[in-house]
Amino acid sequence: MSVLQVAVIGASGYSGEELLRLLTRHPHCNVSIITSRQHAEKPVGEVFPRFADEILCFTAPDIEQIKATCDVVFLALPHGLATEFAIPLLNSGLTVIDISADFRLNSPDKYQIYYNEPHPAPELLEQAVYGLPERYRAKIVESNLIACAGCYPTSIILPTSPLLESGLASPEKIVVSSMSGVSGAGRKVDLPYIFPECNESVRAYAPCGHRHLPEIEQELALAAGIAEVTMNFIPHLVPVNRGINSTIILDALPGATLEKIGDVLNNAYGNEKFVRVLPHGKLPDTKHITLTNVCEIGYTLDSHTGKIILVSCIDNLTKGASGQAVQNMNIRFGFDEATGLC
Amino acid sequence: MSVLQVAVIGASGYSGEELLRLLTRHPHCNVSIITSRQHAEKPVGEVFPRFADEILCFTAPDIEQIKATCDVVFLALPHGLATEFAIPLLNSGLTVIDISADFRLNSPDKYQIYYNEPHPAPELLEQAVYGLPERYRAKIVESNLIACAGCYPTSIILPTSPLLESGLASPEKIVVSSMSGVSGAGRKVDLPYIFPECNESVRAYAPCGHRHLPEIEQELALAAGIAEVTMNFIPHLVPVNRGINSTIILDALPGATLEKIGDVLNNAYGNEKFVRVLPHGKLPDTKHITLTNVCEIGYTLDSHTGKIILVSCIDNLTKGASGQAVQNMNIRFGFDEATGLC
Amino acid sequence: MSVLQVAVIGASGYSGEELLRLLTRHPHCNVSIITSRQHAEKPVGEVFPRFADEILCFTAPDIEQIKATCDVVFLALPHGLATEFAIPLLNSGLTVIDISADFRLNSPDKYQIYYNEPHPAPELLEQAVYGLPERYRAKIVESNLIACAGCYPTSIILPTSPLLESGLASPEKIVVSSMSGVSGAGRKVDLPYIFPECNESVRAYAPCGHRHLPEIEQELALAAGIAEVTMNFIPHLVPVNRGINSTIILDALPGATLEKIGDVLNNAYGNEKFVRVLPHGKLPDTKHITLTNVCEIGYTLDSHTGKIILVSCIDNLTKGASGQAVQNMNIRFGFDEATGLC
Amino acid sequence: MSVLQVAVIGASGYSGEELLRLLTRHPHCNVSIITSRQHAEKPVGEVFPRFADEILCFTAPDIEQIKATCDVVFLALPHGLATEFAIPLLNSGLTVIDISADFRLNSPDKYQIYYNEPHPAPELLEQAVYGLPERYRAKIVESNLIACAGCYPTSIILPTSPLLESGLASPEKIVVSSMSGVSGAGRKVDLPYIFPECNESVRAYAPCGHRHLPEIEQELALAAGIAEVTMNFIPHLVPVNRGINSTIILDALPGATLEKIGDVLNNAYGNEKFVRVLPHGKLPDTKHITLTNVCEIGYTLDSHTGKIILVSCIDNLTKGASGQAVQNMNIRFGFDEATGLC
């Protein structure tokens, strides 16, 4: 099988590091370009000592060189900047796999509300596919612009969507409480993220209007077959490096039984390599899935309140970012979906 | 001022250790008896090296000796066992401050449902006062049986009750997601609690029917002035030693505004030494309150969904157990409420 | 290439889990038997949820079945018990890769001193090879009894041996201070290892006579070409899951310069896949090597005191146990040494 | 008893926070001035939310105001800057308790070597007393310039000095390996100190020439009664918030026995409130002493190598900085030494 030439743009954060970890051992990829303005000309091992033995060097990004030599480009850039790179690369026929938020929302209006600026290329939104493989596999095969699902959204959309589709759960009054490890904030050098401020600390943040909210609402509305979902999503920061736990509380609809809920989840994901529905009575734990591309899902029906409770765990850097990006690449290029991910 | 003679019964766990930390520096207490069957005859410093310099020794519990020499007894015992000690001590006129769950529920039926056995002394339930000082101060002064509020319940009842009383929040469809440090499981030697199983781990547990649920529902129903509250409470274990964060999602009722919510909380707690209502825009953090008796509360109104969101933090061993017990003792015996707690 | 049939005996601890992680993705291995008396008949995924998707089941150990069906057997057993299994398996011509301490010491007398009982099979000690590939590769190829080096010893012998061999460092008055993560204590359910006792804790233990000491002294004496090394080794427990840091202080001998020290280390390990000598000025960090089979080494020469200072980091479960075991298997069976380890 | 008027200069770091925690509950102190250029005019509770309920506000430092209103000034400033403040305050007769390194070294030459600049006020060095109460109590009573001992030095000088004085241990070839929590780096916003870089990480740093080395050598030479001690001190960073463990390896001199070592330590510290010598067989643990002013010491004699091994633990922010500063103040002003520290 031929080998893809791969560029990783903006690889200086934790998602970039995780991408490199996965891509450098992927049998069908050759990472030929790794860019970082900040670290240009440094060996990758100087920034990420785990890669000290790999012969890799950061360069400043050079669009012409990427166009001339690469097949697929991963964008690990801040929102807005990702679009600047995506446009010329798409025009040259490359496949763009974007880890930023630029192409996840179908609605440029929502983008404007949550990102406080007009979408930089609304005409590309129709062309983009939402890069959540278990939901959009067929479209991912055919798209050159794959907008990888966000970390919190992945942990929420995967467990919730089948229950909305099945009619067992109501799309109204959904409440989600999530907890994320600190790598979710990026490799950000800021007072709230230094060790003594995070260790022995648990705290909620952005309880209203987190930027991942419209993405979650969009996908849950599509699953429910309705125009809008309006819900609560409250994230918390907890002192682990990696891992997201999402606890989702849904109104059960008439006819929902524990057995049916289990059937719906198992039917949806029984054949999925990267979604593990636990038997009833077991709940997920982030430590079961860190450094894997797996989303672990537990469920129950609370007869006391009539609520369906779903709990999911993912690794925010793997299934929540870079592992999912590689899974999307595997699908797009016809590789076995798990290549390089086990 | 005279000095109280104090006994601590069952002091071998983390709540017992925290009680000793607080009581040994309390100016009006003399801890004359500390019991532990398991550690009888050992110096306290052998079990809790922090107390190596104190001249204290565990003894096997001896009711007659306690009756003969003590004024007040703290029970840090498993549920059920606490009642066995409480009965004779109450009969002898001592004040019993119980950290177990035995006397928190008004209804023996609820006790039977959640503890799987009949209440061992239902006739005492009427005599007991729920030991949450900010809510029951007047009754605590007069009672010889103080059932200290549980850790999760304290973190939930304090922020929620004033909003139910005010009519700004609905007592229906309340959802609470809480996260607790591992000391909340006690000094329990069991596989799920060893370091490598808890560190780098986030997990939900007991999502339906946790034993603290009926206690929370009881107190929120009393605050709302209705017969029953039926709600969701989902706890999580996170890798910190101490601290609980509770995130509470309430339906706002007509007339609720951000300003009114703030007013209600500030009016309720503006003069409370141990409740700190944060200005809107700030959220609590367990690290702000560990090793203190403070409950920190943040609030917001989500205009997107019409929900009131409350977030609270307490130290599960201090305000959630032993600090609250000392606060109750201070009230009962007419000391300044903060004595020994700052 | 043909596929080896592999048995893992005593796989219920963290080393066993790590072995399974590595072997289940090894292209030339088929793990056909996994034994655990404690967990017999349970699916592996019930004990280690990471393996929930693998179709594996614990069995009680059955020597006849192993002899009939396997080529290579990994022993992850307590010392003493390992020998009981090794004897019949060796007699049947299988290759035994032992993670316990039973065959590491050349001297049965030393075994008796440090393990408080006579060696159970002293006649096997000559047949055994010390399973530290970078030092004993040639012998490992030819041996059916490979005694994998211990975790602390690996972290100390690798950096120190070349300097003793070179004559730049003295084998006298060696001092080593090591820090290990809690998984090094095994999956042990005991009070000192529960989360609140380890988190926010740093402590020395076994400062004299740790069981790894004679193994370290034996190998350093062999490297120095002398009969005995007598040294200090002081381990500490620190609150991380995985990782060992060893800081080694050696007397520099006449002629030792910073450049020569670097040359000796780089010459020794420049071609080694799993030893990374850092450039002078950089020091290792456990986080660079967790979940890898790499030993990272830093060095300096302290002109103030005339000491050579070496610092090394390994993952105690990978290079310190199961990764090294797999590396030894790869060597023994002629596979590329890094197979299944990157 | 009259109340001291106290100023804390440069209170924006973790030592400053710890000072405020201790001083605000000290019965004989009134903290009337708290300065921070960075935070001037902000309420202290905005910077350190634990103090939200105290009515305190940062101001820009104003020497004239301090001179006019304060009795004692704590300097929690970077080295060099501390001297600028100390000079005018001393000239006005105030007592200066300095947490910086400016006045710890007797030798301005050593200062120049380790701090890369000439000492800013060498004439003050003779006037300064080294602020380690258990060693210099008599001088502290009489001095207006108290240079509080550093954190690592305190953990090393306390256990080691009595053994050097006694002649049981040699002052030659001392080796110390220390581990510190991350608050020891200050409230520093820098990549190596963000949570994901420290958590699950153990690493050595500054293995030669750490700035605390000359301070340790100076005091150990004084204890040994010799001109110079030349030793190794190797610090490590471990993922805890607070706490230092120092493991000290000394050559035993003829006549040293386990019993004599214990006697020497117990004689030295048997009456000390803040030094706890453990019985032989027990070793210290940082978790026993965090948030206390106690130095816990364990000892053993390694008959295998003839080394005395001492292990000590302190809280780097309390006994290692601010608690010691308060202890020094108590001594200087004739209060009970433990006032405000238990």
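Chains: A, B, C and D, in written order; residue numbering restarts at 1 for each.
One rule holds for everything that comes next: a residue touches a chain if its C-beta (ideal position, glycine included) is under 8 Å from a C-beta of that chain, and two chains touch if they have at least 3 such contacts.
The model shown is predicted, which means the values in this text are computed figures rather than measured ones.
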| message | Report the chain whose CA-based centre is farthest from the CA-based centre of subunit C. | response | B
| message | Contact counts by the stated rule: is the higher one at C-D or A-C? | response | C-D
| field | Length of the line joining the C-alpha centres of subunit A and subunit D, rounded to whole Å | value | 47
| request: Go ahead and note the Å separation of the Cα centroids belonging to subunit C and subunit D. | output: 39
| field | Centroid distance [mean C-alpha coordinates] between subunit C and subunit A, Å | value | 37
| Can you list the residues of subunit A that touch 2 or more other chains? | 181, 197, 199-200, 239-241, 285
| remark: The answer for subunit B against subunit A in the complex is residues 173, 175, 177, 179, 181, 197, 199-205, 207-209, 230-232, 234, 236, 238-243, 245, 247, 249, 283-287, 290, 298, 300, 302-305, 307, 309, 311, 313
| request: Would you mind writing out the residues of subunit D in touch with subunit B in their complex? | output: 25, 49-50, 52-53, 200, 273, 276, 278, 285, 288-289, 291-292, 294, 296, 342
| said: Give the list of subunit C residues in touch with subunit B in this complex. | reply: 14, 181-183, 187-191, 193-200, 239-241
